[in-house]
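The same chain A turns up in both complexes below, where it pairs with chain B and then with chain C.
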Partner chain A sequence: MSTAYYKTEMEFFVDMQRCIGCKACEAACAECETNGQQSMIHVNYVERAVTIQTTVQVCMHCDDPVCANVCPADAISKDEFGVVHTANTARCIGCSNCVMACPFGVPFKEEQYDMMMKCNMCYDRTSAGKKPMCATVCPSQALYYGTREEMRQMRPNSVPVNTFQFGKLEVKTKVNIMMSAGSTMLKVD
Partner chain B sequence: MKFRLNRIAFVIALGCCLIVVALVFYGSRKLQNFDAALIAYLFGTVFALFGIIYRYCVWLQRPPTWMYFKRGWQLLFSKSFVEYAGLSVQKLVRNIAFQRFIYPRGKARWWGHFLLATGCLLAFSVTIPLTLGWIHFTMNPATSINPADTNYYEAHVFGFKVMEFKLGSWIAFFIFHILNWCSWLVIIGCLLFMRRRLTHAGQIATQTFEGDWLPLILLIGISVTGLGLTYDYEFLKGTTYEFMAVTHAVTVILFLIWIPFGKFFHIIQRPAQIGAHLYKKEGEKKGMAVCPHTHKPFATQMHINDLKTVTKELGFDFTLEDGSSHLDLSPEGKRSALAKAHLKAREASGHFFG
Partner chain C sequence: MARLPVAAEKIIEQFGPHLNFAPQEGYTGRDEPDKVVETHCCFCGMQCGIKLLVKNNKVVGFDPWMEFPFNEGRLCPKGVQRYLQNNHPDRLMEPLQRVEGIGFKPITWEDSMNKTIGEIKRIQHTYGNDAFAMLSGVSITNEKSYLVGKFARVALKTRNLDYNGRLCMVSAGAGNKKAFGLDRGSNNYTDLKKAEVIMVCGANVSETFPTLTHWIWQARDNGAKLIVVDPRVIPLARTADLHLDIKPGTDSALYGAMLRYLVENDLLDHDFINNHTTGFQQTIDAVKDYSLEWAEQVTGIAKEKIATAAQWWGKAATSFLLHARGIEHHSKGVDNVLGCINLVLATGRIGKPYCGYATITGQGNGQGGREHGHKCDQLPGNRDINNPAHRKYIAEVWGIEESEMPGAGYTAYELIEAIHRGEIKGLISLCFNPLVSLPNNNYVREAFEKLEFYATIDFFLNETARHADIIFPGSLHEEEEGTVTTAEGRVTRIRQAVTPPGQARTDTAILLELAKRLGVGDKFTYNTSEDIFNELRIASRGGTADYYGITYEKIEKNMGVFWPCPSIDHPGTPRLWEDKKFATADGKAHFNPVAYKDPGEVTDEAYPVVLTTGRVVSQYLSGTQTRRIGKLVNQYPEPLLEIHPELAAQYGIAQRELVKVVTRRGEAEFPANIVETIRKDTVFIPYHWPGRKSANQLTPGTLDPISKIPEFKVCACQLVPLRKTAPPPQEAPAYNSI
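Moving on, here comes the complex of A and B:
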C-alpha cells in the first residue's frame, strides 16, 4: 500500500445544507478505481413532501469504527491515517453486520458479490495526494476536501464538528460536518 | 502490541495437534506406512495446524464471530435440519468449490481464483494425507513377481486397500502427476492475479506486499519447484534432485507456517459464509424489521436483535431515551436522521450557511 503522498493536513468537510441533490458526486464516485466502478456515496431526499433537505453521506471514518468491531470476519481495517477501508474481499462473508450497525448508514451489501462495500475516501487518489472524486465535482461545496485553514476562511461563521451523539453513544469521526459557530457536537437522536 | 497468550485457544490447538500426531501414528500403522522423507513437511503441517486452530479459536471468541458461529450450528441442527443441510451443501458447492460469488466481480478474477483455489485444494487433499502417512502406495505383490505380468499398483488409506490400477495406464499417469496438474492450475491462477495487481489502479493503491504479493509468490514458488522435481527425474536423470527437493520443501514449509498469519487464513474462514446464509434464511422465516423512517422492511428482526446484543457487548450502546435503538433504523433511515438533526441544529442557530 503506497502511502508516500497521503496529505495528513487535508480533511474532509460535509455540509448537508449546501447539498442541492444533483448527484454529481454519485457519478464521480463511480469513477474511483477502488470501488469497481460503483458509487459508494449516498444521496437521498429526506422527506420530499415537506422539505428539500437531502442527505449526502460519505463514510465518516470513525475513530473507533463500529463496522470493523461488529465484523465477524475481521474484514474491515483502519489504517495509520484514520481511513477505514472497505471490506477485505478475501475475508468478507457478506453477513451485513456492518451495514446494519454503522450509525451513519454507510456500508451496503452488494448481493451479487455477497460482499459489503463502502467509501474508502478514494484511497487510490488520497494516497497519491489527490482529492476524493466526490469533493472534486461537488458544485456547491457541500463536500469539500482541504485544510482547516481554507475552510475557516471560506466559512467563518461555521465550525467543523466531528462528534456525534446516537442515543447513549458518542462517536468521533475523521470526517467533519459543518455546523454553526460555537457547536461542538451533533445530537442525532 | 503486547502478545498475551489465549489459554483456551492454546489448549484446544495443543489438543488438536496431539490428536493429529496420534492419528499419524495409528493411521500409518505405527509408522509402518509413514514416509520418513516427508518428516520436515510433517513438522510444518503440525505447526500450521496449531497456528490455524489457535487463531481460529481466538477469532471465534470475538462477540460477532461467536454469535454467527453459535447461530449457524444451532440452525443447522434445528428442526429444519434437512432444509439447512441441503442449503449448506448447495452453498458449499456454489461458494466454496466454485466461488461463484467472485464471477460477477470479473470473469478474469473468477478464473484466476477458481484455478488457484482448485489447484490448492486438490493438492491439499493429496499431500496432507500423504505427509501424515494416511495414504500410501504399494505394488500388488501377486503381479510384481513376474516381470512379464501386467503390474498393478495399490492405493491404501489408513492401511486399507481402496483401489488398484495398472502401471502405464492413463489412470496411473493422471494419479502420479496429479501434483503437476495442480501446479499448472495454481501458476495460471497466480499469473492472472499478478496481471491484475500490476494493472488495476484500485488494487495498486490498496495492496500490500505481505498481504497480497507474498502469497502469490509463495504459491508460484511451490508450484515451480514442484514441477522442477518432475523435470529433474524425467529430463535430468535426477542430477539436481537435492536442489529441487530442498527448494520445494523450503517454499512449502514457508507456505504452511504462513497460513495462520496471512491471507491464506481466509481459506479457513470462508465456510462461515454458509452460516451467514442459513442465518439470513432463518431470519426471513421469523420476520423482517421495518424501518420507522422508510416504513419498509430492511433486515431480519433476528439480525437486528442480535446486533443490539453484540454492539452492547462491544461497548457500543445505541439505546435511545425512549428505550428504542438507533439500530431500529434502516441505513437510509439513519442517514435521514443525521440530515434532519443537522437541519434542526442549523435552523436553531438561525444560520443555514456561512
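Moving on, here comes the complex of A and C:
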C-alpha cells in the first residue's frame, strides 16, 4: 500500500447546516469497488415530520477508536495517518462488538459476508492525493476535504470541532464537525 | 391508430421501466477502461462536467471531472448514477412497429422509414402539411435542436413544431425578451460569490439543481443574506436568513409590494432608472396600492417579513436574484418574471460584478434548445418566424425560398388541443414524454388516441411511445457528439463516449434519413455534428443568440464559451449588460407594469385546498431515464402527498393514509406524508410518475397568455381520506404504474 502521496495536512470536515439530504455521497461511496454497492456513509432525516434537516454520518476516525479497542479479533487498526481502517477480512469474526460500541453508530454488520464494514476515508483515493469520493461529489460541500487553513479562510462563520463528550466519555476524532464560531466541543448527553 | 396495441402491463413486461442496478462488484472493465471521456451529465441545466468510463463500447462507470469550472467534480445522486442509463436492459435497439393485439414487433429500418414517409405523405396530402406536427425536447444538443427546427420547416414543411421547453423556460424567456430584448441569464454563477443578498424565488435549488447549492453557500460564507420564496421549507430554505412562505399563485403580489416599498423608502438607483430604462413610472403606478398589509393578505406572508426582504434587497450594494419554475409555471408566469426583473432594475444592480439576475434553466439544454428555431414561433439565433427580415435570412441559409418557410404554429399544449379537435392527424416526436409531463394528462392521452399516425424517436419506450405506430431507436446523450448551452449561457461540448448499440442509430442519422426520403436530402448534407454546428453558427449570426464566434476548438480549449460571441476573436460574454446597452430596440432595459391577477383556478367550497407540484432530488422530469435506475427509484419510491399536520387533522388523515386528491380534471390516490414543512393551506405532490400515480392527472391546462406555459404550480383540490394505510411502495410500485 503506497503512502507516498498521503497528505497529512488534509482533514475531513462535516457541516450539517449545508446538508441537503440528496444522498449523492451515499451513491458515490457505494460505487467503490471494495464496497460492493453498499454505502459507508449514511444520510438520514432527523425528524421529517417537523423538519427537512438531514444528518450525514461518516466514520469519525477517532484518536482512540473504541471499535478497535473492543474488537476481540484485533481486526480493526488505526494507521500512522490516523485513519481507522475497516475490519481486516481475514480476522473479523462478525461479532458486532464494534457496531454496539461505536459512539457515532458508524460500523455495520454486513450479514452476507458476516463481517463489519465501515468507511476507511477512501484510502485508495486519499493515499493517492485525491479527496474521498463523498467529499468530492457533495454538491453543497457539507462534506469537505482540505486543510484547516483553507476552511478557516473559506468559512469564517463556523469552526471545526473534533472533541465530543458522550456522558463522561470524551472522544477526539480525525474528522471535524463544523459548529458556530466560538464552539470547542460538542456535548451529547 | 395511436391506441395501445395491447394492455400496458404487457408492454411494460417487455420494455420496462425495469430497474437497473450496478453489479455488486461493478461492471467489468471499470478499473481498466478503454477510454475516459470528459463530457457532461445528461440531466439538468447545470450540465455538470463528468467523466464516463468506457469499456468495450459500454459506459461502465463514472469519475468526477475536477477541472470543469462550474462543478469541480461535484455531482448530485442523479449525476453519480447517470451512467446506469447506458447498458440498460430496456434500451431500444431495433425499429419497432405497432401490431394490434400483439404489441410492438421488430421491423427493418427500410420498412420503418417507408411506413413513416408513407403516412406523412398520406396525411399531408389529405389534410394539408400542417396536419402533421412535430414535438421535440431539450435534453438534446444544440445541433439536434437546430436540426429539428430545420427538419420540421424544410422537410416536413409544417408550421406545427414545438418543444417541451414550453413546460419549462418559456415564461422566463418571454419576460427576459420584454425587459432586456434577449433571453439568457444575465450573469454566470461566479457573480453569486460576493452578492450581499441572494433572493431565490420558486426554485428548489437543492433538489433540482443540487450543485448550485455550493455557489450559494460560498456567498453565505462571505456574509450574504439568503432570502428564499417558496410555499415549502425546501432544503435551501431551512437555513435561509428569511423564508417567505408564499401561497402558491400569488407571487406577483409579493414583488409588487416589494417594489412599492423600494419606492416609498427611496431605495432606488435613480441614475440607472433615468439613464438606462423605460417604463418606470407606469410600473410603479401599477403597484401604488400594493401595501404590505394587502400583500400579507394575498400572499399569506407576514408583512414584517416582506418589509425585511424589501429592505435587505433595497439596501444591498450587490445582489443576485434567481428564479425557476416555481414562479414560471403559472398562467401569469411572465408577470411573475417581470415582477422580479422590476426589482432588479429598480435597484440598478445588473451588468456589474456580483450584481446578477437569472432564471435557472431546467433542462439539460433548456438554454440552447430555446435559441435555435426549435420553438413554434422562432428561427435560429432566437429570431422571430414572423419577421420578414429574419425569415429571409434563414431561408437563404437553408437554401429555400422565403415563401416556402412556414409561419408560426401551435405551442405544445395548443398542439395537443389541435389533435383533440382533429386538426392535427399525424405526429413525430423526439425526447418528449407528454403523457407524464403535460397537465391534465387524461386529456392528453385522449388526444394521442385520436392520431392517425404517430412515430417517435427515443432510446427507451416511454409512456407516450406506447401509443406509437413506429418507434425509431435513437441515441442516448453519450452516444452522439455535440454541444449544449448551460443555464449560465456557457456553450459546452458533449462528447460521444460510445456508439448506439444494436441497430440503434443517432437521432441525427434518423432525422437526416427521413429528410432524404422526404426529398430534401440536398438541404441536409452534414457528415458530422460539427458540420451542423457550423451551419448553426451562420444561422445564428446577427441574431440575439449569436454563436458565430464559437467553434468546437474554442469550446474545448476554454471549457466552454458564453454566448453572445459574434466573432472568432470574441472571448464570449460571461456577464451581460456591462456596457448598459440592452438588446431592446431602444437599447434600454424595460420596466413592465405588473397588475396582480388571481391564478387560473382558486379554491372554493367544493375544492378548498391549494395543490402545487414539483420535483424530488432523485428523479428527473418525466422519469423516462431516472425511473429506470434502481437506487434512484428506491431513494424516493413513490409520490407522496405532503400535507401540514393541522390540515391533516382537519380531515383526520394519519401518516401514510391513502388520500384521494380530486380536482376538476381527475383524481388520484397518494399516501399522506404529514410534515410541518409546508403551508397549512397547501398540499404538494411530485410529478415524475406515470399512470395512476401521475400528479399531472390533476393539474390544469390553463396557459399563460404570452408564454403559453401551463399552470402546473397551482390549482384547487379536494382531499378525500380513504381510511386505509397505503401499502409499502415495493408492493405497489409507482415507477412503472399504469
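Everything that follows uses one rule, which is that the second predicted complex is superposed on the first by the 185 of 189 C-alpha atoms of A that agree within 3 Å, B and C clash if a C-alpha of one lies under 4 Å from a C-alpha of the other, contacts with A are read in each partner's own complex, and residues count from 1 in each chain.
The rule is simple: contacts are C-beta pairs under 8 Å (C-beta built on N, C-alpha and C of every residue); 3 or more make two chains touch, one makes a residue touch a chain.
Just so it is clear, the model here is predicted, and its values are computed rather than measured.
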Three-chain arrangement built on chain A, chain B and chain C clash or fit: fit
Chain B versus chain C as contact partner of A:N44, first or second or both or neither: first
Chain B versus chain C as contact partner of A:P156, first or second or both or neither: both
Chain B versus chain C as contact partner of A:A101, first or second or both or neither: first
Partner contacting more residues of chain A (chain B vs chain C): B
First, second, both or neither for A:A27, with chain B first and chain C second: second
Which of chain B and chain C A:F166 touches, first, second, both or neither: first
Partner chain(s) touched by A:I177 [first = chain B, second = chain C, both, neither]: first
Chain B versus chain C as contact partner of A:D114, first or second or both or neither: first
Chain B versus chain C - smallest C-alpha distance in the overlay, whole Å: 5
Common ground on chain A, meaning residues reached by chain C in one complex and by chain B in the other: 17-18, 33, 36, 51, 53-54, 155-157
Residue ranges of chain A touching chain C (in the complex, touch as defined): 17-18, 20-24, 26-28, 30-31, 33, 36-37, 48-54, 131, 133, 136-141, 154-157
In the complex, chain C residues that touch chain A: 21-26, 30-31, 61-62, 64, 66, 71, 73-77, 79-81, 206-207, 210-211, 213-214, 217-218, 221, 223, 233-236, 238-239, 617-618, 631, 635, 645, 655, 673-677
List of chain A residues in touch with chain B within their complex: 1-2, 15-18, 32-36, 42, 44, 46-47, 51, 53-55, 57, 66, 69-74, 85, 89-91, 93-97, 99-108, 112-115, 120, 123-124, 127-128, 155-158, 164, 166-169, 177, 179-180, 182-183, 186-189
Touching residues (chain side chain B, partner chain A) in the complex: 59, 62, 64-65, 67-68, 95, 101-102, 104-105, 200-202, 204-208, 263, 266, 269-270, 272-273, 275-276, 279, 299, 303-304, 307, 310-311, 314, 316-321, 325-327, 329-343, 345-346, 349-354
